[in-house]
Each structure stands twice: as structure tokens, then as C-alpha cells.
Amino acid sequence: MRQKNPTGIIGLDNMLNGGIPAGNQVIVDGGPGVGKTLLCFEFLYRGAKNGENGILFSFEEDTESILENAKTAFPSFTDIDSLIGAGKLKILGSEETKQYIQKNKDDTSYSFGNFISEITSVARSYNAKRLVLDSISVIKLFITDPYYYRSLSTSLLSVLTRQGITSLITMENTSSEKANSFFQPESFIYDGMILMFFTGNDLENRIPTIEIIKMRGTDHTYNGMPYEITSSGFNILLQNNTTQRFFNVSN
Amino acid sequence: MRQKNPTGIIGLDNMLNGGIPAGNQVIVDGGPGVGKTLLCFEFLYRGAKNGENGILFSFEEDTESILENAKTAFPSFTDIDSLIGAGKLKILGSEETKQYIQKNKDDTSYSFGNFISEITSVARSYNAKRLVLDSISVIKLFITDPYYYRSLSTSLLSVLTRQGITSLITMENTSSEKANSFFQPESFIYDGMILMFFTGNDLENRIPTIEIIKMRGTDHTYNGMPYEITSSGFNILLQNNTTQRFFNVSN
Amino acid sequence: MRQKNPTGIIGLDNMLNGGIPAGNQVIVDGGPGVGKTLLCFEFLYRGAKNGENGILFSFEEDTESILENAKTAFPSFTDIDSLIGAGKLKILGSEETKQYIQKNKDDTSYSFGNFISEITSVARSYNAKRLVLDSISVIKLFITDPYYYRSLSTSLLSVLTRQGITSLITMENTSSEKANSFFQPESFIYDGMILMFFTGNDLENRIPTIEIIKMRGTDHTYNGMPYEITSSGFNILLQNNTTQRFFNVSN
Amino acid sequence: MRQKNPTGIIGLDNMLNGGIPAGNQVIVDGGPGVGKTLLCFEFLYRGAKNGENGILFSFEEDTESILENAKTAFPSFTDIDSLIGAGKLKILGSEETKQYIQKNKDDTSYSFGNFISEITSVARSYNAKRLVLDSISVIKLFITDPYYYRSLSTSLLSVLTRQGITSLITMENTSSEKANSFFQPESFIYDGMILMFFTGNDLENRIPTIEIIKMRGTDHTYNGMPYEITSSGFNILLQNNTTQRFFNVSN
Amino acid sequence: MRQKNPTGIIGLDNMLNGGIPAGNQVIVDGGPGVGKTLLCFEFLYRGAKNGENGILFSFEEDTESILENAKTAFPSFTDIDSLIGAGKLKILGSEETKQYIQKNKDDTSYSFGNFISEITSVARSYNAKRLVLDSISVIKLFITDPYYYRSLSTSLLSVLTRQGITSLITMENTSSEKANSFFQPESFIYDGMILMFFTGNDLENRIPTIEIIKMRGTDHTYNGMPYEITSSGFNILLQNNTTQRFFNVSN
Amino acid sequence: MRQKNPTGIIGLDNMLNGGIPAGNQVIVDGGPGVGKTLLCFEFLYRGAKNGENGILFSFEEDTESILENAKTAFPSFTDIDSLIGAGKLKILGSEETKQYIQKNKDDTSYSFGNFISEITSVARSYNAKRLVLDSISVIKLFITDPYYYRSLSTSLLSVLTRQGITSLITMENTSSEKANSFFQPESFIYDGMILMFFTGNDLENRIPTIEIIKMRGTDHTYNGMPYEITSSGFNILLQNNTTQRFFNVSN
């Protein structure tokens, strides 16, 4: 059976029957404000503390703001800077990430020609075992040709897989309710999909919910679980009546 | 009446009044994570044990990961490797499958010119009676011309039919609830359609459900049936009140 | 008043106040697996036994499979082959039908230039009074120009009408629930429309339902009626509370 | 106040507070099979008996079938032929109507260049006071340029208005439930809109319903009214609780 | 604070906390038959009686029919003609209005090049303080380039604002239920939006309802209010429980 | 942790756990008439009184009308003019703002070439710490190329961020009910998103509601809160049962 390192996120490993299988490329899909970037950050942070170097490529925020937001959300993560200093955690904000793309002459779209090879070589240079790309939706925003985007998406997937890197790739959803969510066709090819959304209605207490839609190489739960974001990381509240695994396998 | 070999999947043959008619080309339609690939794998596995060679062409995963995922889901299938060794079961991952297509000059779409003839000759060389293509949605992703795609889809259908091969062809659905599902027009021409989806709501216990939408050449049930994935394969739970066949024929 | 030969399908003639008016071109609209092809087959079979020759042009299945499926569904129809032998029933599978169209140079669409004149001359050569085209949706799939398709659709209609042939033309619906069904604009010009769909929900007992949406030249019911497919043909279960005719005419 | 001749259709004149104002161009919008053509026919028939000549231009049926359908629906209309003989009622089927349009070279769309001037001159030659065009949706099907269609639609409107002709122009709706109906933007410019649809659900007794959406130049009810089609014409069943007029005017 | 002249429409001024601020350009949005044109006519009529000249430009009806419809709806408005005679009220039907546009060579779209300058100079020549354009949707129907239309819409807005004219501009909605209504992006730039629609269902008593969506420069209610059209004008029935203003300001 | 200056808007700072983090670029999304412009105005007004200069660029209204509307809504803001006089508050209406764009030759779209650099230099010249752009939807209306628009949107974001300016950028929503709202993909890249909408139904008392969808760099509530607009500014009514923060952090 494929090796599974625990993500270290409370509740998630239980949902995943141990963790994300090494080398899986996983989409984290959700509307704005559900905490995708924070979940990904904790994924890298837990890995770094656990001997798995991690690297984050952002198209959405600069390095400083990513770190500030993480420290604000997770005051107990007091060793972020030391992990960065030790080269176990690497954050590349939009400025750095955008070095790897070029604006096209038409001045409206971008060229991602060498993007994949470059980020993977960067990842390799940091000996990264965990990678986060935040978000692939921004890449989609700036590629005029859908087929070029899909082709890029496939290449990204196979290159990272070949590297044996485990990745979380965020995908922005135009709705924050699951009922209104549709999966993007290009997400089908990924090894896993995690959906974050809200249940409940506007004026009553809404419940942030996380669901594992798909995860190759491991059994997992298939119901949504409420979560909260505490000063010491995500806390996914497993519901007894919903922790049934997809496979009824004890392994 | 057309010959029907049991698929060997518990419950499915009962829904199908014996099995899938030999030579039917069947779409397996469902959202991400419902277990389409695993169902198709068991279909090949049961055939291989039963004297019907099977071959799987994947555009989604490499061979190793397909096998790992299957072994993880079905620990009781201890003879997968020996069946492969004996040439009764053949798994071609995305790398191998992609040999049969070429990237077009425009670098965004692909050419499937000889794809069909090549995979059928491969299938023939393995004396395959069962074939799985996982998934036709990925092919669709990379063909820019919808008419070319439809034309390819028809050719695939008629070539496989002429070969007398029984196939399961997966189709990714953008939703995992049936209410939000619409059938793709190109699926109309296939001999059968099996839909896998979830019932129930997000936070309560959701129920994986399988329904036979259409199956030429045999009577079948037309209600959804709950299923679970056990260590020894799929287990479709026939509901007495819903096992009514479409035809009220005793044959 | 126009002559109406009973279709011979139990319940349908009652819904139609006697039958389909001779020379009507009627769309049979429904999702995959509702039994459109079987209904059309019985329409031809009943005609053939009743002195009205019938011919079926299929774009979806080959001759052999059409016959197998019909015999599987309707074991009591023991004289299908003798009717064929007697030239009263003619089935042209996709292979034969496709002789009448040509693939265009662009290799993705098809040319239906002489299609209509050819199939009508074939129909005439068999002295056919009833004709089935299964399905016009496949034709639509392979015509790139919507206006060319509509133009073809109109010509088909007027040629068949001129021939005095009564036709059922199947149209695939992307949903099998009526709530999600929309009528195709090109179906407006036809003389009649019969809709087949399912009522009820996924996990409870669903009910196959048939409704006459429109039928020129005769009164008809306008509610949905449940149906079952028995070994001796369709059985439409007239509901007393819903057999009210559209016209309150006794004729 | 504008002159209003009663349409002669039972209940409709009451809904219209007397009738359709002379010179109004009115859209009759509804799904297939709701009886639009029959309503329009009765409108002409009642006019003809009442000293207002009427003419019908059809793109959907040939003359013979229009007459047969009308006679089948309305057996009490025993004087249809004599009214035609007397030149008070004129029916032009699709064959005759299509004389006034030309197929374009591209062979897929049609040219309606002189269509309007020709049909109005025909109408004038018959001294027609009432005109029916069945249906404008077919015209739309065959015009490739939406702006050309809209422009044609406006010209038709103003020419007929200038002639002082009162017209009913049918428009096919892709749904037969009002909830799914949307008004076509090009219908905004017409003087009136009458919607015909079904209420109730599939398996219970459905109710054919007619509603006056808009009618310039007269007060009218604004609720839906059930109707039935009897041997002696439409019978609209006014509901006391819904006969409230839009204007609370006694005139 | 900006000057507000009462519109004179019963209930509307109360909803508007006094009236429409002078110089506001207001969209009146609603489905066919809700009474948009009549509301606009009363707006001009009340202004004319009150010393504010008004002018109406119609793309939908000719002058005569506009006046007939108004007189039919509002029999108590006995002085319409004298107001027109006195130059206080000016109605330009579609014929006159269309003088200000030219048909393009392509014969399908129209040129509105000088339209705005011309109608504003006409308005000025009548010393109009109130203006109605009925409807901007017809203009949209005949402009092929959406950006040209939006650009025209902005110019219209700024020119009328510069003139200090208060305008009601009707916009046709494809639905007459609010639930199905979406606001057109180009309406965002206007100073106000009034929505007219129906509540209630098809067969029971439906309720014509008016709601102020937006009104710059004044406080207003934000709930829908039922209205009726009486012989002496609109009567908006203020509901105590819904007359709460948007601002809780006493001014 | 990033510095947070209170917005000064009652309730909002509490929802934001102190305020908007300095340098955040925030989308204010809502349908017409929900009060977006007034909220933004108060944001600038409170800043100006608090030592943070503010500037507003409008594409929707002229300066005079913006000020009138604000004074009408907020009669207690008696020192608006003096703040403007003191250079602490700067309002640029559409006339002034449009100086910074050019109409393209095609006369339908606009060029925003130097727009961003110009408005930021203007902002700098006023030493603005707070900036409002009302609305980006109007910019979108006039840019024909979606990729150019997105590219502009990104540049705007990064330039303002580099300036350390805190901005509110309004985005018009085509619906005023949240259920019908979808987030624009281009809004994903912003640091925050505030949604304003109505709850409740048409004829009963509707409730203006504000919700913080996303806010980088601070904890915040994630439920909708009712608000009212009083003579002395917005008053957001915190609901005890819904004031739970997204992060359970005390910081």
C-alpha cells in the first residue's frame, strides 16, 4: 500500500484514514473566505515540523501578507520564522512567483511556457516534499486559450507526480454554498479533491464544512465535517454518524 | 437472446438480469470520487478470474497508482499480480495510453488520429473480451472540435462493437448529485449507461447510489440502489421495493 | 375527418382517441433508457401484423442488435422474423443507414445531402406506411450548422408528409425527469410530440410515464400515464382521473 | 376609446373587457400542444361569421391539415367550407406561405425580403380585418441574423398596424409550464400578449390555463383562467375570485 | 438637500419620502403588462398639471395609441388634450421618435448617432422638466454592439442629467415575477430603479407590486407595495408593516 | 500583526475584530440600492475625521450628487465640507474621473492605459490613506476584452497595495438576494470581500444584511448581520448568536 504521511491537521488525517497518499496532487476547492490558504499553510507547516520540507507558490498575495495572515490566524505557530530560516518552509509570494511567467505582447494574457519546469526545479532545490499552489484559478484567469490551460494543468500534474511531491492546489469556487458548486472538468484528472463550503443559512449560525470528494490511494469519509480555525490550527469536528468510510476496509 | 456473462459484481448482475450483454459499450457516468474507476477495475478483475481477459486504458493515472488504489480498496483481491502475470489482466496507465495520441502543433489540443485502431489492436493482441477506458472526459478536454470528438466517439463505439468487446467507458460528471446531472448528448449512442451518485444531504449520512439508466439487450431495474465498497469488492444493496425490472418479463 | 389506424399499442390508442392520424410526423422525446426505441419497434410490429408495412432507420444500433433487443423485451413477438421475411417489416441498422450519408472532408461533420430522398425512396420501395427514424438527435450531433439541420428537419417533415407516411422520430432528451425537460425548437414543426419520462425520486419506486404533448388531427389526453413494458408489448395504464381528453368532443 | 370587436371566443371577451382593440398585434405564446392554432382559428372563424374577413398564414401545416384539425376539434363549425367559399375565411398552408420567401444560396437560411409586403397585399386583396401568422417561431428558426429577425418583426408590426388589421401571431414556447417560461425580448413591442400553459403536475389532473399578460387599449384580467376545448369552440372558465380587472375602471 | 417635486402618484411620493429628486434618471423595470407605460404617463400628466412640462419618446407605440390607452386606463384624466394643446404635455410616438435614428446599410441594426442630442434639443424646445423614454429595451434590440449600446446609455444619462431633466426610462424584463428577475448591468449607472412585478401564483389572485430598488438623493422604502390602477390613476397601497424607510432619517 | 485602524463604522469594526488591516484591497459587492456607496462614503468620512485622508473616484455620479446623497443620508455629518476644505476628504465625480480614461476610436470601448498610475498619483498627491473606487463594474462594462479587464484589475490591486492604501472597491451584483449571487472570478485576488444584500421576501419586511465573506489579515465573523442606515451613519446590529469569529483566536 502507498505510504501515507499524516498531514498533521486535526481530524483531516482521520477523514483520510491516515493522511494524503504520498505523491497525490489534490485540489482544494472552495468559495472565497473559507480558509483554503490557511489550510494549505498548516499542511506545509505540519510537514516542515515533521521533516517534510514544504514550499508555497502564491499568485494571490505577497510573501509578507501570507505570513502575517498565517501568524494572525495561528498565534501558536511561534516557530514559523525559524522553520523558514532552517529552509524547511519556503513561501513565494505573487511577486516572486510571477517571475516565472511572462506577459504576452497582447498585454492581456500571460505565457506560462517554462512555469512548470521552473517551479519544480525551485521545489527540488528546496528538497520540497510538500507543495502548495495558490491558486490555479488565477492562472486560469490569465490564459486566454482553455485548451492551453488544460494542457498546462495536465503537465503540472504529471511533473509533480514524477517528482513524488504531494501538492495542494487551491481552486476558487464562485459560490460558498455546496448546492451551487460545480466541479471544474479540469479537476477530474487530479488525484484528490477536498471541498470547503458553508452550510446553514444567511442569518442563522452558518457552519464551515469540509468534505473529501475524492482521494485516490486511500479510504476516506464521504460526508461533510464541520471545522473551526483555532489559534493552534484547524480543528475538524468528526461526527460519529458521518465518519463512515467510503470503503468498509480495515487497513 | 444475446449472451450475457455475469460481471461478477455483487448485486449488479441482479440489477442487469444476469449481466451486461456481450458486446455492449456502456458509459459509467458519475461525479468525482464515486468509485467509477474501482467499479471498472472490479469488472475487469472478475472477468479475468472468469476466463475473460480484460484491458484498461487510463488517461487519468499511471499504472502503478491504478494498481495501488485497487489493492488499497480491495485487499482481498490478492491475485491481481498473478492475473497480470498470466496475461489475463492488462493495465495501461496514462503514460502508456498517451503513446497512442500526438500533441498538435498548436500545442494545446491533441490528435487522436490512430488512437482507436491502435487501442483495439492492442486489445486484440491481449485477446481482451472486456475493455475499460478511463475516462472519455479527458479525451473531450483535449479535443478542440466538438464534432471531431463526437465523430471519434462514434468510431470508438462501432469498432469496439465489431470486435465483440464489452466495454465500460467512464464519463466524469460535474456534479455528484443526480438532481444536478445532465446526460451528455454523445452518450446517447452507447448501448448502456450506468449512473453513480450520492443521495442525502451534506451533513447527514449520504448514500452512494448506483442506477442503470439504460442497457440494451437486457431487462434491468430502473431505480437507484445503495452500494458500499468492501474489501472484497462492490456490494450493491438491492432494495426489495425497488428491484422491479423495467420489462416485466421472465427470461 | 382524417383516417386513424390504431397503433395497436395498448392504452396509447385510447390516449389518442383512436390512433395517430395517418400522415402525421411525430416526435418521441425522452431521456436515455425510457424505451423510445422499443415503443417505436412495437409501433412498426403492430402495423406489420395489421397490413401496414413498416421500416426503421437507425443511427444508433446495428440491425442484429435492434432485433435482439426487441426479442429480449418482447418474447411474445414470435413472428418478427416471418414478418421481416414477408417484407412487411424492414429494419435498417446504423451500418445500412449510414450508407445514405457522407462524411465531409473536414472529417468531423457529415453531409446529409441526399439522405431524405434516399430513405423515402427506400421506404417507397418497401411500400412502407409506417416509418421510424432513431434518432434525429444523432443527426443533430453530426451537423455543424444548426440552420442546415433545421432545414433538413423541415424537408424531412414535408417529404414524409407528401408520401402519406406516418412516422415516429425519436429525440434524445438530456434529462429523464420531465421537470428538467425543454422542448427543442425544431420539434415545433412536427405534427405530434410524445414525451416519455420518469416520475418519483431516486431511491423510491420510480414510475415510467408517457404523455401526449401534442397531436394534430385528433383529440387526446393531456396527462401523463404510467406504463410498463411486458413480454407482449407496452401496457399503458390509463388513470381514470386523468383520461380527460383535451377536446371534450365525442367523435 | 378604441373600437373593440368581440373575438367571439367564450370568456375571452370578458377577460378582455369586450374584445381585442381593433388594430392590435397580439402574440399568442405557449408550449407545443396547448391549442394556440385552434384558438387562432376560432378567432378567424368567429370574425368571418361576424362580417370580419380573416386570413391565416401558416409555416407549420398544409391547408388541408389545418382544416381537418379544425373540423376535428370543432365539429359544430359546420360552415367552415361555406365561409371559405364566400371568401370570408382564407387559409394559406405552409406550401402557399412559403411562396413568399426564398431559400438563400447558403441553403440553410431563408430570405424574407418581400414577405411582409406580399402577405399584407394578399390580406388586403381579401379585405381581411383579422390575420393569423402561425408561427413567428418558425421564421426565427430560419433567419440566421437575430437583428434581421427583429427588424422583420418590427416591420411586420408596423405594416399590419398601418393596415388596421387585428392579428394573432403565435410564438412557440420551449416549456409548457409557465414557471419555466420566459418572454422573448422581441415580443415586447407587440400590443398584446396572451399566454397559454398548463398548471398542475404530471400525474394528477393538469389544467390548461390562459392568461392575458398584456393588452394595450383595454382593461383586462391579469390572472390565469382554466379553459377547455369543446366541440363548439374554446370555453374559458372565468373564476369569480380571479376576474378582477387590471384597471378598476367601469367602461 | 436636493429639491424634490412630488410625482403626484398616490403612494409613490410617500415611498420616495417626498418625490424623485430633481435631475434623477430612473429606470422603470418590469415584465410586459405590468403598467410601466401607464405609470410613466401619469408621471408626465401630474407634472404637466403641476407646472412641469413633460415629454414622452416611445419606440413601442404610435402617438394615437398611446393617448387612447391612457384615456382608456384613466377616464378621469379629462384634460389630457388641453394639456397637450397648451404645450405642457408632448407625446412622440414611434413614428416621430424613429425620425431621430437611421437604419444602417446592413439593414438589420440602427444608428443612434445623433439620437441623444436630438431628443434633448426637442425636450429643451418644449422646456420639458420631465422626460419618459419607452423603452430602452427596444433600443437595445436594435444595436448589434453591446458596448455601443452601453456607451449610448451612459451618454444619455449624462446629457439628461446636465439638462436637469428628471426622467423615467422603461426597461422590459423577460419575466413578470421578481424571483426570476435580474438587473441589467447597464442599469447600475442610473440614479434610481423602480421594479414592477406580480406576486402570488398563476391561478389564485395575483398582486401587482411596485418596489423602489434604488433612489439616489432621497430616503425611500425598500419593500414591495401592492398597487392598483384606478380610473383616476395609480393607487399604491402602503402597508404599515412595510413602510419602514431605508434611512431612519427624519428629513 | 498587521496594523488595523478602525473603520469607524458602528458594528463593522466588531465584525472585523478591530478593523480592516491596513493596505487591504476590499471588494464591496451588492445589488443596486443596498447602500454600497454610502458605506464607502462613511468609511472615508470616518477616516478623514480620524487623521486618515480619503479619496473617492466615482464612475457613477458627479461630485455634487455624491455629496448631496451623502448629506441627505447622513444629516449629522455636518462637517463634510470643512473636511473637504481641509483636504482631508476628496470626492472626484464621474466627470473628473473620466479625464483619466480615453474613448477608443471604435467609439464603443474605453482605454484605461494610464488610469491606474494617474489615480494613484492623484491619491498620493492628497496623501490618501483610504481610497474608494465606485464602481469597478462600470469599468468592466466598457472594456471589451475580459483579459484586459482582469489584467487591469490585478495591476490596480498591486499598485494600491504597494502604496499602502486601504481601498474599498464596489462591485455591482445583478441580484439583491444572496441566494442568486455569484462571486466574480476577478474578485478572488482581492484581500477582502464584503457582501451587502437583502433577506426576507418581497411583501414582508425585508432585512438589509451585511456579511464579511473574506478578509485577509484579521479574524472576522462569517454570518450575515442586519444593518440600518441612520442619520449618523450605518448601524450594524450584531446578533449574539452569530458573532462567532471565523478563527477562535483571542488577539
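Note that the chains are named A, B, C, D, E and F in the order they appear, and that numbering of residues resets to 1 at the start of each chain.
The working rule: contacts are C-beta pairs under 8 Å (C-beta built on N, C-alpha and C of every residue); 3 or more make two chains touch, one makes a residue touch a chain.
Since we're looking at a predicted model, the values are computed, not measured.
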Neighbour overlap between chain A and chain B returns none
Which other chains touch chain A while also touching chain C? B
Chain-contact steps, minimal, separating chain F from chain C: 3
Interface residue overlap between copies chain A and chain F, same or different (over half shared): different
Compute the rotation angle for the C-alpha superposition of chain E onto chain F, expressed as a multiple of 5 degrees. 60
Taking each chain's centre as the mean position of its Cα atoms, how many Å separate chain B from chain C? 30
Chain B to chain D, mean C-alpha position gap in Å, rounds to 51
So the centre of each chain is just the mean of its C-alpha atoms; given that, what is the distance between chain B and chain E in Å? 59
Residues of chain B that contact two or more other chains, please. none
Chain contact graph: line, ring, star, complete or other? ring
Following the ring of touching chains from chain B through chain C, in what sequence do all chains appear? B, C, D, E, F, A
In the complex of these two chains, what residues of chain D are touching chain E? 1-2, 21, 23, 145, 147-148, 150-151, 158, 161, 178, 182-189, 191, 193, 197, 199, 207, 209, 211-219, 222-224, 226, 239, 241-242, 244, 246-251
Please output the residues of chain D touching chain C within their complex, sorted ascending. 31-33, 35, 59-62, 65, 68-69, 71-73, 75, 94, 103, 106-109, 135, 137-138, 140-142, 144, 172, 174-176, 180, 198, 202-206, 208, 228-231
